[in-house]
Amino acid sequence: MPAPHVTVTRRLLFNAGHRVHNPALSDEENVRLFGKCNNPNGHGHNYTLDVSVRGAIDDRTGYVHDLGALKQLVEEVAVSKMDHRNLNLDVAFMHGIIPTSENIIVAIWGLLAPAIHPAALVRLVLWETSNNYVEYTGD
Amino acid sequence: MPAPHVTVTRRLLFNAGHRVHNPALSDEENVRLFGKCNNPNGHGHNYTLDVSVRGAIDDRTGYVHDLGALKQLVEEVAVSKMDHRNLNLDVAFMHGIIPTSENIIVAIWGLLAPAIHPAALVRLVLWETSNNYVEYTGD
Amino acid sequence: MPAPHVTVTRRLLFNAGHRVHNPALSDEENVRLFGKCNNPNGHGHNYTLDVSVRGAIDDRTGYVHDLGALKQLVEEVAVSKMDHRNLNLDVAFMHGIIPTSENIIVAIWGLLAPAIHPAALVRLVLWETSNNYVEYTGD
Amino acid sequence: MPAPHVTVTRRLLFNAGHRVHNPALSDEENVRLFGKCNNPNGHGHNYTLDVSVRGAIDDRTGYVHDLGALKQLVEEVAVSKMDHRNLNLDVAFMHGIIPTSENIIVAIWGLLAPAIHPAALVRLVLWETSNNYVEYTGD
Amino acid sequence: MPAPHVTVTRRLLFNAGHRVHNPALSDEENVRLFGKCNNPNGHGHNYTLDVSVRGAIDDRTGYVHDLGALKQLVEEVAVSKMDHRNLNLDVAFMHGIIPTSENIIVAIWGLLAPAIHPAALVRLVLWETSNNYVEYTGD
Amino acid sequence: MPAPHVTVTRRLLFNAGHRVHNPALSDEENVRLFGKCNNPNGHGHNYTLDVSVRGAIDDRTGYVHDLGALKQLVEEVAVSKMDHRNLNLDVAFMHGIIPTSENIIVAIWGLLAPAIHPAALVRLVLWETSNNYVEYTGD
């Protein structure tokens, strides 16, 4: 029997500020589209990020991927660059991108997917509040 | 590169009463099948409903679907008709249907799927208690 | 040094139906006071009950009160009489009492306080939804 | 027997941005005291506010305080002024005050305490993240 | 129209001790691979197990699978053998297997999959802490 | 007006193994008193510890106590000595003490109370599972 394939997930938290705003549109259009999320001085969230990696169980360790190492990688590559920052102004990989949860999660995927192996990144989930979240599987 | 496809989810809460009862069966058979859930005067739950919609990210907004609009739609079409109601007696779209979580979620799908576009309804999850939930993807 | 006094808490869950209604008042007045909570066919909740008991730590066990025994007592005396029941119609100790969380918690206190010793019941907390709860300390 | 006194709590959520900064101190001193919380462009949080009110149960309603009315009051007086805002720049009652959780909760108390009666505001709890919260009882 | 297929999930909790250790490797190699998880006297966790079963809704009951019966089955076959036990020393079905979450979930699958019918086991999720979980779908 | 006094709380998590056992009693008596918690090879938990400190708000910082510093202190003095350890065998400050939650929390108090100032330790809460917790206020 081939080794079973399991998906393992590490949850990380970060706090960030943002303003949902499209600079290519007028102020009126921004207010119409984004309402209170367009507040000029911004607001913020406690984000919860679930990083899921899938692969065969390694016989030697019983692990698909060492979760301590995964946490360290995600913090280094993505979370430390957003935590306690303003997503519009302080985060290089978000420059020129409207910082909605959809765009944030796709940007994080772009950073993480090439860095994880031999197990593969298969799903990201990002909670913005306790009432809404987005998920992305790379396609 | 085509626009990435992301799944976005909005969580809504409602409180409802129900009795798990099949009127086509005898009282004895109902008790045997449903136990305490068949209590004649009913009981109730704090339901949690997660509505998931998938589509391409809109360049102009950075959204797959405006979540404020999605919440309003789900409340209007489904949640407001169940909240603080008795699912056996007060909810037109549940008439003649045993109000198990399975049947509730399929009924909600029937209401929501035609109303959501251009993003598509792809998953509903309904928690009945903190220990059990059902999910439906339309097939 | 006297033995330290610690407060220990056991959480229990139950699901019940209710209608917030005062039969001494007119239907119009009931609707005005209770709104959607007055729905004639009722609704329901997943209640969470935290029972807190305080006393000295027993040298022999390291316990203030055996929590398995406390759980069994609370289920027997209170929770089993409400779980999967209608609080207006099925629960003897709520007869003639408007089944608000405030009145439920005072009634539970009346049942539990005399039954717990030598540690003393010091606090009850009852969550009706994830957004509201009541607490009672016996005075 | 006098009417039992019960404490009832309503939970509300809001999302806000802030920068922990004392303008009376040098930039170096601010960084030393507040670290990453002093980021010039700010960050933000999903705040959870628990408002607790204590009083006698009203015989007519079975309530200590109508929780729908309490929610509406807290939203009008406090939450709507902070939600989706920047606590340093957009909130009049925080002007000139370092927006730590401690200072926010004392400010909210000042707004709510005079507005709640005949039941009395007895406790506020404010969660800034899932790992830290502050509470204030008015003294 | 064929009967809709719904996935229903029952959550169960258990508390267990374990030591992440591969007896085929040297002590040094174990410490290098597993760090604090290799502590010779072990540590432990509150595990959360979500068992998901998929099938057609039964017209007579409105159920895909009776969740009370599912809970009883999972407790008998798997949870009662791990709860309040040491996974390295006390659990027959884990003998000779490194008790990582990955290996535990595959072992539970092996016990449950043949026992559930006509609905089919389709997913297991096992939380080890509030920050990490694994999922397995049988392949 | 004197500076308001606020209680601030930092939550920390740790995972530990334990066996509830009193070596002064017979094996039979231990089984009778502690049941499955007396399993010879132990079991374990994900503990959640809430450390609450009360004091005046410092004008300069807006803080009662720097929570980063509090976290570091609690980790150094208490949590790092229990995390991923066996409470019966590996933790010096628990030697000769039955590792119930009651005894653990009193022992942690003894370590922390002298180390925190000028704000004062006023409450510890320790969750052993999601269904039970203990609290201690030092008397």
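Each chain gets a letter, A, B, C, D, E and F, in the order it is written, and its residues are counted from 1.
Operating definition for what follows: a residue touches a chain if its C-beta (ideal position, glycine included) is under 8 Å from a C-beta of that chain, and two chains touch if they have at least 3 such contacts.
Being a predicted model, the structure only gives us computed values, none of them experimental.
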item	value
Each chain counted as touching subunit C and subunit F at once	D
Listed chain pair C-F, B-C or A-B that repeats interface A-D [over half of contact pairs the same by residue number]	B-C
Between E-F and B-E, the pair joined by more C-beta contacts	E-F
Rounded Å distance between subunit A and subunit E, as computed from the means of their C-alpha atoms	28
Separation of mean Cα positions, subunit E and subunit D [Å, integer]	41
Subunit C-subunit E separation of Cα centroids, rounded to whole Å	33
Touching two or more other chains - residues of subunit E	130
Pairs of chains satisfying the touch condition	A-B, A-D, A-E, B-C, B-E, C-D, C-F, D-F, E-F
Interfacial residue positions of subunit A with respect to subunit B in the complex	20, 22, 24-25, 33-35, 97-103, 105-106, 130-136, 139
Complex interface listing, subunit F residues touching subunit D	4-12, 57, 60-64, 66-68
Subunit E to subunit F touching residues, read off their complex	13, 15-18, 36-37, 39, 41-46, 83-86, 88-90, 129-130
